[in-house]
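Worksheet: one structure, shown below.
A, B, C and D are the chain letters, set down in written order, and residue numbers restart from 1 in every chain.
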């Protein structure tokens, strides 16, 4: 069996998930090398996952000629340049979202990608690989819902993560709640509707964590948008869901409506006790998207082996970032923003 | 508008519900007289509900010649004789279940009822007037579920009532959990299947309230039964639902299954908090069957005014009591009991 | 028992509901007179409901000196003037929403109401009397959800009513989807948050019924708004819910979230068949708000008898209409609209 | 990394699931050999899964000295003897349920197992490895439900499989519905309560497939049982769930109740269309227990590698079979059966 040799940069929370999945569930690939500047993370990779090559420099790692591909889970600001470096070395690339944080650089990167037609490039929009989302996509493509008329997307992180985000925000810029969080929802909207964002109008507040205002961050971000095909979209991003990790997507069509994640049910259990009738909930993204994370890596590896084009392209990275940036701009200027790329 | 004059005996918990409903929601009837031996109850009737005639003797009340009908909400042991007395006075009768507590007396009463073909007699199986049960009945009669193959009936009282039941059990006999509680479920089974109980096998325990054993009572009673038409039925009665008042009925047919009260949802509210995703619950029977109680009285009154036969007859009282007594016998003897009336 | 004599104008769909409720469920009031220009409606009132006085002129009806109060269920355009006429006659007034269709007239009416401090005036925001909404209000006032940070309100009429609305729209102006439908949601937002609308930004489309564009109507209207206290609100109104009558309200607070009507469950039944596991749904507003309609009239009548102030005032009519008109204006101009009355 | 060499006998529906899981998801084991008498099955193993050694004789396969362990997915009648043969060869054994079909042979096998204390033996009760069941087990062990008072277990196969079962039943004996299906539920009851079955009383009918009576089979089997610790248990097995694969387990305790699989929800999707509000369902056991099947094999393999005792022992096989046989006997004799092994 073919065994791709993969190098990964970044071993934070999400980085570990990818590294473990690669080690435990992806039989035709090997986590061959990792890069991190955190000694404990390299120890973990070496001792727990048996990774052979541990680097503190990404450049050094991709100079290892045995590598077939890289997985980029570094901070967002490094994505564009690390993707570009990997392309130059002829490596296939899986990168976490966003593809980049400013549109000029991303546009340049897209040109570069065009010049590597045989290189597999995939962005980490894992929701597209989740069973529930795939089921919804199938329902829609079958025409069961008729024509889509409006959508609603919620992405609300669990309250238990709020203190650590506040801490993070003191020292670092997340890029704003729309780029940091809504980008997954933006991708879903584009995927389900096969249309692009046309106008956005965004609001925000931090009633649940007023100190965020000091760091130019929001606890809640909301956006009302139109797509080029006339569909109306509402997006809500938040950092304070007391009941767990609330990712919900609603698609209203002329013949019916569908919701994915109406409640973030953890499993098939219902508890009946003195609180009422309770569905326990998923408490964080690693739990909610556990299988999706495995599937996306498996798809990436198989695309390389079978020489297939991945379905998530650089353009998906550009368009989702463009919309997220427009939302942030709309919030800051408090006005409706028309997207540059929009054809209307 | 015709206004029937009604006399009611019994003003306990359920008695008050009937009395209030009659006063507030049944426009073509008047709560004209009440009987109780508890002074506070008579005060309540007089002052709060404006009842004109208050008695301490049922016999005296039914001698009031202005009366058109009686509502019997007295302790179970009095039902048969009070029904009989009312019939003799030519009064229409609404009686709470059970129609009686021994089969000989009930059989005699049925003969008496046969002799009063123009008297309206209705038993208090209020569940037949509940929107959810009526909807299920319609689904079944439409044939949506095909032929019924099995049923399951749960009737579990809320835990908050357990201490007061234990107190009650010290001094009084409830007739056993099957006659006290399962009788409603037995009636539903007969109503939905249009068949009669053939054999019963009952078990019980009091793990949740061991002291009940001292009073010959059960916290949980369970029964596996067959009907004459081959349908298999499981009944569970209990006194300790921590989440509220759990009345649930399941009907499995060859084409589908239906559940009424899968969860005893209080309303259309869902709460998402750190306990998970919660549906608040009905906490007691007056809440759960609020509208059904009104509808059953309204039906009784309209049957009298329009000279119609009620759909719940004396025979329903006999058959449900017969099955409940057989269950109690099965539990006590720890053997399968075949019903005398069963044709098999 | 006191029996108020009530005159009602309008016997259309909603008019009949009020008339029937008054006749059947409100014991301390009598539907004494009605006004309609449709002969069949007067026949119905006379023959089915036993109404004694039938008029074709509202003015004539309110000249009947036996009347205590009026119920106004006429077309929206008549509300203000009919309320005003009734006030002058010293009658208590229950009026359907909206209180009026232009702000100047409504303001004048409010001054008039101020001059009748002892007259009971109540607007038909029946949702405030629905068990589920009352439960939610209690949860919020108890502080269980913490401080409110955002809300979402859906009001989507069933598809089965769409053809008749299209027909109606050919000949009449509804005032626009926001004034026609969202006004109920606007009232709920104000009731739950105890704050006023500050800015609104509205969109609309008619993908599900393109012909509506010809009549200046929308099938879907959406609005993103801010309140004076910083809460973010999303409203969606529609005319094409295939699954029934979808009224849903979500309130997100710092400590939890609540949804009323996540699914418009018809009752406590769950059906398991080859379509999956199904909750049947409420199919129209008379079903969904059946009890609420009774409760609101009962409250109105009791307020008169007990000489109490109703909780829904003229100001609620003004503010809700003001917000709805602003939404319509925002949609038409395609820009964010700041409310005149807003203090910010 | 250690790679165990595993030989599997049986490549039917469930056999393929195990073979695929072993090939794709269990990194520290290799599907090294298979035995089947069906040529297509061997072709499949060779070509699709790359299995190196294909046999038509189990005896020949286990003579391959490179093998570490066997997986037995042959017809139930072969289990005991194949387990025994493997033990003699010093092989670790994973066997599908039941461990055997008569109690004497099983007892003999248990003695044999006692003589191989270092051999890993695991039975295929995959439900114990399902996330929802594991969650429920945790809830119970934490004491959240208090003491268990009663249980209910449903195992109903999808209607779509009924025709093929009828076909199968014409030619083969399934052992009866209790041994064929309820055995999984029996194991769950023993696992959750840590108690043994004491008495059983079973009923059955075939209203949904009357022809099954000709083959001595049942469409529906029902059993009311007691455990040695006093817990009351109701089991329902069926072959005709129109909505999919209905496996549901309910545990009632003194402090609360839990249900696993109240509805066999396929995913997190809810569809709102003209049928109502719908949760799509799992349609068969490979879908419902997909992850559990992987987890059980992974546990088996890890137990061998880490030299650990599996939690599902030969005794679990004996006790579950004993109870299932007693249920079948009770149904056939139509009487309550006391279990021989029961201490009461």
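To be clear about the criterion, a contact is a pair of C-beta atoms (placed from the backbone, for glycine too) under 8 Å apart; a residue touches a chain by one contact, two chains touch by 3 or more.
This structure is a prediction, so every number in the text was calculated from the model and none was measured.
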Checklist outcome for this item: The larger set of C-beta contacts, choosing between A-D and C-D, lies at A-D
Next on the checklist: From the centre of chain A, which other chain's Cα mean sits the farthest off?
Outcome noted: B
Checklist entry - If you average the Cα atoms of chain C and of chain D to get two centres, how far apart are those centres in Å? => result 57
Next on the checklist: So the centre of each chain is just the mean of its C-alpha atoms; given that, what is the distance between chain B and chain D in Å?
Outcome noted: 42
Checklist entry - Which whole number of Å gives the spacing of the CA centres of chain A and chain D? => result 39
Checklist outcome for this item: By the touch definition above, chain A meets two or more other chains at residues 241-243, 255-257, 262, 264-266, 270-274, 280
Checklist outcome for this item: Residue set of chain C touching chain B in the complex reads 1, 24-25, 27, 50, 131-132, 135-136, 139, 144-145, 255-262, 264-274, 280
Checklist entry - Quick one: in the complex, what on chain D touches chain B? => result 146-150, 152, 201, 203-205, 207-208, 219-220, 222-224, 226, 230-232, 234, 236, 238, 240-243, 252, 254-257, 262, 334-336
Item to check | Residue numbers on chain A that touch chain B, as the complex places them | outcome: 159, 241-244, 246, 263-266, 270-281
